[in-house]
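Look for chain A in each of the two complexes below; its partner is chain B in the first and chain C in the second.
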Partner chain A sequence: MLNRPVFRITLGIAALVLAAVLVNACRTTGSAGLADGDAAQRVYVPPGQHDEFYAFMSGGFSGNLTVHGLPSGRLLKTVPVFSQFPENGWGYSEETKNMLMTSHGFVPWDDAHHPELSMTDGVPDGRWIFINGNNTPRVARIDLTTFETDEILEIPNSAGNHGSPFITPNSEYLVASTRFSVPVPQQDVSIDSYKQNFKGTLSFIRADRPGEMDVAFQILVPGYNYDLAHAGKGPSDGWMFFTSYNSEEANTLLEINASQNDKDFIAAVNWRRAEECVAGGAARTMPARYAHNHFDEAHIARHELKTEVTVLEPSDCPNLVYFLPTPKSPHGVDVDPTGEYIVAGGKLATVIPVHSFRKMIDAIENERFETVVDGIPVLQYEAIIAGEVENPGLGPLHTEFDGNGYAYTTAFISSEIVKWSLETFEVVDRIPVYYSVGHLMIPGGDSRRPWGKYLVALNKITKDRYLPTGPELAHAAQLIDISGDKMRLLLDFPTMGEPHYAQAIAADVIKDRQVKMYQLSENKNPYAVKGEGETRVERNGNEVHVYMSTIRSHFAPDNIEGIKVGDTVYFHVTNLEQDWDVPHGFAVLGANNAELLIMPGQTRTLVWKPERVGVFPFYCTDFCSALHQEMQGYVRVSPAGSDVPLAYGTGGTLTTASR
Partner chain B sequence: MTARSRILLALASLALLAVYVLPLWHITLDAPQYPEGLGMYIEVNTIRGQNPGNLESINGLNHYIGMRPIVPDSIPELKILPWVFGFLIGFGLLGAALGKRWMLTAWVVLFALVMIVSLADFYRWGYDYGHNLDEATAIIKVPGMTYQPPLIGTKQMLNITASSWPAAGGWIAFGAFLIGLVALVLERRRSTRLEVA
Partner chain C sequence: MTEVAIMPTRALLLALLLIASAGLAACGGAEPEAAAPAAATSPDNPGGLTDAQLEHGIGPVSAMTLEAEIDAALAAQGEAVFNMKCAACHKMDQRYVGPPLGDVLTRRSPAYVMNMMLNPEEMLQKHPAARELLAQYMTPMPNQTLTHDEARAILEFLRTQQPAATPAP
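And now, the complex of A and B:
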């Protein structure tokens, strides 16, 4: 039998352990973020039925764009943009590889951050979606009738194209701002001459003419880091707002050196004024080298290098740029649906500053300037601030709107989303997210007319949310119901690459405009065949062109002889099918590139350089029919200098090539 | 002919103009892989897919069973049929203008013949396509199986449910025939009454 003190101590320890277990259990339940009630029904899309929204998630470091359905979270498609995609031959086929050309040559990868839907009257119209490439500064346009990238423009005088591609309300311009300031023009200078030699650029890209994207003008600004942007709308239409940090102009250990100033700036740019200045001759033309790539009418990527760009200095165009002081290294800048409030998120801030557009105009008219930096007036903080949202969580980053008078802001450090009123600037609700949310997305949440209803949190850290898959985990998106007073977690779903930001649009806007196939009769590819009768093989020196067709379930020709080691063989494959969802694939043994997926009515070309003597098979990779496994052929490769005649055929004796 | 009969005959003849803009017949092929529908319309002078690319798709499917492709330009009847309807329209309008009863009778009889011959011909084409299969190139060979589409109605053929029904133009033509027939019946009744009187 235990004596009394020992018993008491034991009891005490037992009680403590029990308490700890209970507390921990509660916390575990809390941190699991369990969706409750009818959450399953809210996200359930029955078999054969469609989602309510298309969500376009940037692929981040995958360089792609992924398309998900909401509310189910189902992955519908990966659209290759800046990265080669062996799955369908994007960036490998002769018709598409020019799309990845830059002034640095072929760049088969990029870091894609911000999808941006085209707009009409400040509302997403579903014509196109744009996305930026951070690393080798580029912007791409994706056609939403085909879900295919069909234009890419490189940005000159830029580095780290992060603040991009934010669009004006009628898709007049996309912007591209430099996260990394660099010498403009580039030159060999010491890095610590940053303050003298480094500049930022704010580029305005003409966006509403397919095939004609171009840098309309660039505004040369002080050498800060320009981070994100959003266009004004309604009363503030005609303005573009860019956040900046590193107004300290540090060039090393930015973690500390760029966190010194209490406030950095939002650059408010009057782009209509810029248009006037450019039209009035205030801008200058500067030599530059940047690529413009787009599909021509034959659906072949054309690559051209442009040689000059229009540059505008704020000092040559008064009233063009104003700085709005904004606390603590601001990151996101978001304009509410009415166009009056400009909301900033400071990475290290404890409040959300909300600037008033009306007050900003008053301050400009009354010259309420704190100082002037490089010819750019800095407005007085007190003169432009509409309010500060208190207690918004730690590290507020990005804000979107539901169209019902509320704003939703992500807090990275405290890993939560807060809902606050645009009337009282008070927080009315908050919900934890798992873990460390960056952007958030509400369908149409950056537009004049948000669809609201759902919010997607795009989280940076996944940890234990799914079955573990080794050291690398899919990023976690979380779907939150915002239709009621309280936010409710509905669903977690994994995403591809880094879904840095996303946009969504009501499915009805685009689903009936989908191209189901290309008209074979309108195929303008010079190597197309319109029927099996046109298939053939031609030799031109050591180049061999195979004009090949596919139809269920054979290739024509499917036997080819007379290829020699040292030849370069072009397989120009036309898919003769005129039926929805019947692509054919083409793969040949030893190809050093990829396969092809050819859509109905389309022609795609794969280059093959045989290095060995032998007979090599090719086959269809996309399961097309009951006799898909029979869809195959052979190429005979003879030694260099062999006199085996070039011949080809399908299902009979071979035809000898005419030349 | 009474004014009423003349109006009916003129109306029936004019209604036949519809066959130049609306399809006569509609054949659908339902299979699980074609949720968006697969089928073809027979028009007065051609055959076309009900959706873009459908005719090519049907020919693509038919190649599995060794059926020869449907090539509208190779069907001579489709070159004659527009003239046949043109004649019926002209003859009917003339009959209405002249008010000759024999012309009304001839119109109805001719039209009935056109319908019978057309359907018989349609059946013959269907039989020919469905039975004369190329044994050498047929990929799917089911002993005893033929692939003649139904003349009117629905029939299951392997994984495909084939249906064949008149389309808008066909129904209107049939309606025009009925109007002509009604006019003829009314005329004959009237003459019977006159004889009795």
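And now, the complex of A and C:
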């Protein structure tokens, strides 16, 4: 099966590409894709009213996560995850810098792809949303009471953390599979020894204990490219399905060399079986270096390097992994709400293959194996297939579900979404999208209980959809009404970075759980001040610590003298406000980092290294009151060796620092 | 000449900002009081507040009677909360960001002080005495989200600061 003649397939790809060129050429002409009828009314959220859904869009190569309202498409917030974010000091402030530490040091950027909501009983529960960093393999947890990243775990023995962070129905594990196979453990070998030395890993990460994310175990698999994943649910709960391509194990010109085989594989992993094998001692411990960063109780990011990881070989744990042959270089793998159908997006295939979980179990029990690869049985395609959706568009990638018996699949090359029946496997409707759709998202559309109603097409190419903005354009999302028999285009809206995937949840699930401020009395930051009476300045050699407070509308202290060139000044700023939506900002002239944005009751720290003599202002950056423009102060910087005493104050004579 | 020209502009700007911030405070979410029997509006009472509201303020606390004896333990709790959440703006004996509080209970009823702490947005919007102070001090008193018990403790602390207060034994 792995070595069939390739001529026919190459011709097939050529035909697909040609078709794509033609389709795209037709579609870039002006008025195509107009919304009709009452579309404006359907997406209009009157001033002061709230959207029905929160949508979480990956920020792609911005490393962020953006939050939009649906159906309006309004941008509500940008949550920095794997990126420094000067808007609020994320990754710049002393309390948050450690969140971006890795085994490679400080890595203030990543390529974020797939947001994934935590689940209870297969339904998004609104506790957390996770997202993967593709480039320096990481996964992050964002707390949905604060909309802030509170934990990041690096993945060892991985490269290109693309197939991540898909979660099990009760958030026991999220997974991380390697898009790029690499030598495991890393070593200095020639690249063309790929087939001998390169391996993939499928990591299972404990996800349901905040602050304790960890790699529970990694499964070592053949050196393919592992692309995407989804957990089983209902009857298939306990299984995780991973797509792979490059079963050719090519290490150069994959565009051609990884498109040779008629079929690649979906790896079906019985993760409960893996738990048994690990508990039974079948796994081994391997040295590794990877970072785990999380907020402690003082809301300060702690960084630790872990030194070993648990690795499981399929040959040491029978019945752990099975390969489901799947045409052709499959990309997405999506499990329908009942948990019975496993739908593959064979991006170079002419049909959408739908595997049956029940048939898969039968095939395993009856050992209907085609062959065995590296100890992993390959099941017979005919034994497991439930049906093939014919005429699904060119380049099918991803599928989500509406909970009413229909599946929706994106076709990248023909730039459309096709709706098909899970009963008949026949296409019942199709709608063009603008242009070149990758993922799609239905609120709850990968869960056991989709909310349905809307579909968002996450398009890769924008071209003429908005007013042009030079060579770089925002990406284009399109909102489609799926409440009726026919899909209807409602709205285009721009998104940040490249929002590969997105998830949405009914607003009611999380909007009443929001943290509005932090209790000042519970602030455990060691540099916090609990009231203006505790503000002070202290020197310790060349380090100066300013214990500062903010309240509308002044800083204490707001006059500081006795700083010297060569000092490192730590501004520890505590916001004494105890009301919602009253952050204060802090910025000081010449700081080589960013501002701080300090939430009510919180303490954040900015480092400043003055290099010139003079008097430098600092001020509040976030408009806070009628007297916001008065919220300012001065720091006097004297030459190194000067005898100007360290002194500080607000509104009166300066107090000389006690030390 | 330039100085003279700037001053009125700045004053006007401040006034505009104050109006804007009062507008913002209105979004703050305090539930409006149940409609009280409307007293006749007058220049001193443009909002038509009831006599009880004029005396005791607008908010969750109605007229209250205090024990004759100051509760020293409660006052100590109140002092701690005051230092954390209030002292950045209020001194006892001098005008600061907000008015001095060393004699506030000679000017206001205990319930008024409680309501000013617990419901500052509405007080600043509707109560003539609070509005007058806002015009003088320019900085609206923030809502520090005190609990009723915290506000009560602060009130007890303030009692120890008043001119007539007998120091606790």
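Rule of thumb we're sticking to: the second predicted complex is superposed on the first by the 628 of 659 C-alpha atoms of A that agree within 3 Å, B and C clash if a C-alpha of one lies under 4 Å from a C-alpha of the other, contacts with A are read in each partner's own complex, and residues count from 1 in each chain.
The criterion applied here is as follows: contacts are C-beta pairs under 8 Å (C-beta built on N, C-alpha and C of every residue); 3 or more make two chains touch, one makes a residue touch a chain.
This structure is a prediction, so every number in the text was calculated from the model and none was measured.
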item	value
Fit-or-clash call for chain B and chain C when the two complexes are aligned on chain A	clash
Which superposed partner A:532 touches (first chain B, second chain C, both, neither)	second
First, second, both or neither for A:578, with chain B first and chain C second	both
In the superposition, chain B vs chain C on chain A residues touched	C
Partner chain in contact with A:44 - chain B first, chain C second, else both or neither	neither
First, second, both or neither for A:521, with chain B first and chain C second	second
First (chain B), second (chain C), both or neither touched by A:556	second
Contacts of A:627 with chain B and chain C, given as first, second, both or neither	both
When the two complexes are fitted on chain A, the stretch of chain B hitting chain C, from 8-16, 26-34 or 98-106	26-34
Set of chain A residues, in rising order, touched by both chain B and chain C	517, 551-552, 576-579, 626-627
Touch list for chain C against partner chain A, complex	14, 17-18, 20-21, 28, 83-85, 87-89, 96-97, 138-140, 142-146
Contact footprint of chain B on chain A as seen in their complex	516-517, 519, 551-552, 576-580, 600, 626-627
Interface residues, chain A side, partner chain C - complex	517, 520-521, 530-533, 549, 551-554, 556, 576-579, 582, 625-627, 651
Complex contacts: residues of chain B adjacent to chain A	36, 52-53, 56-57, 60, 64, 139
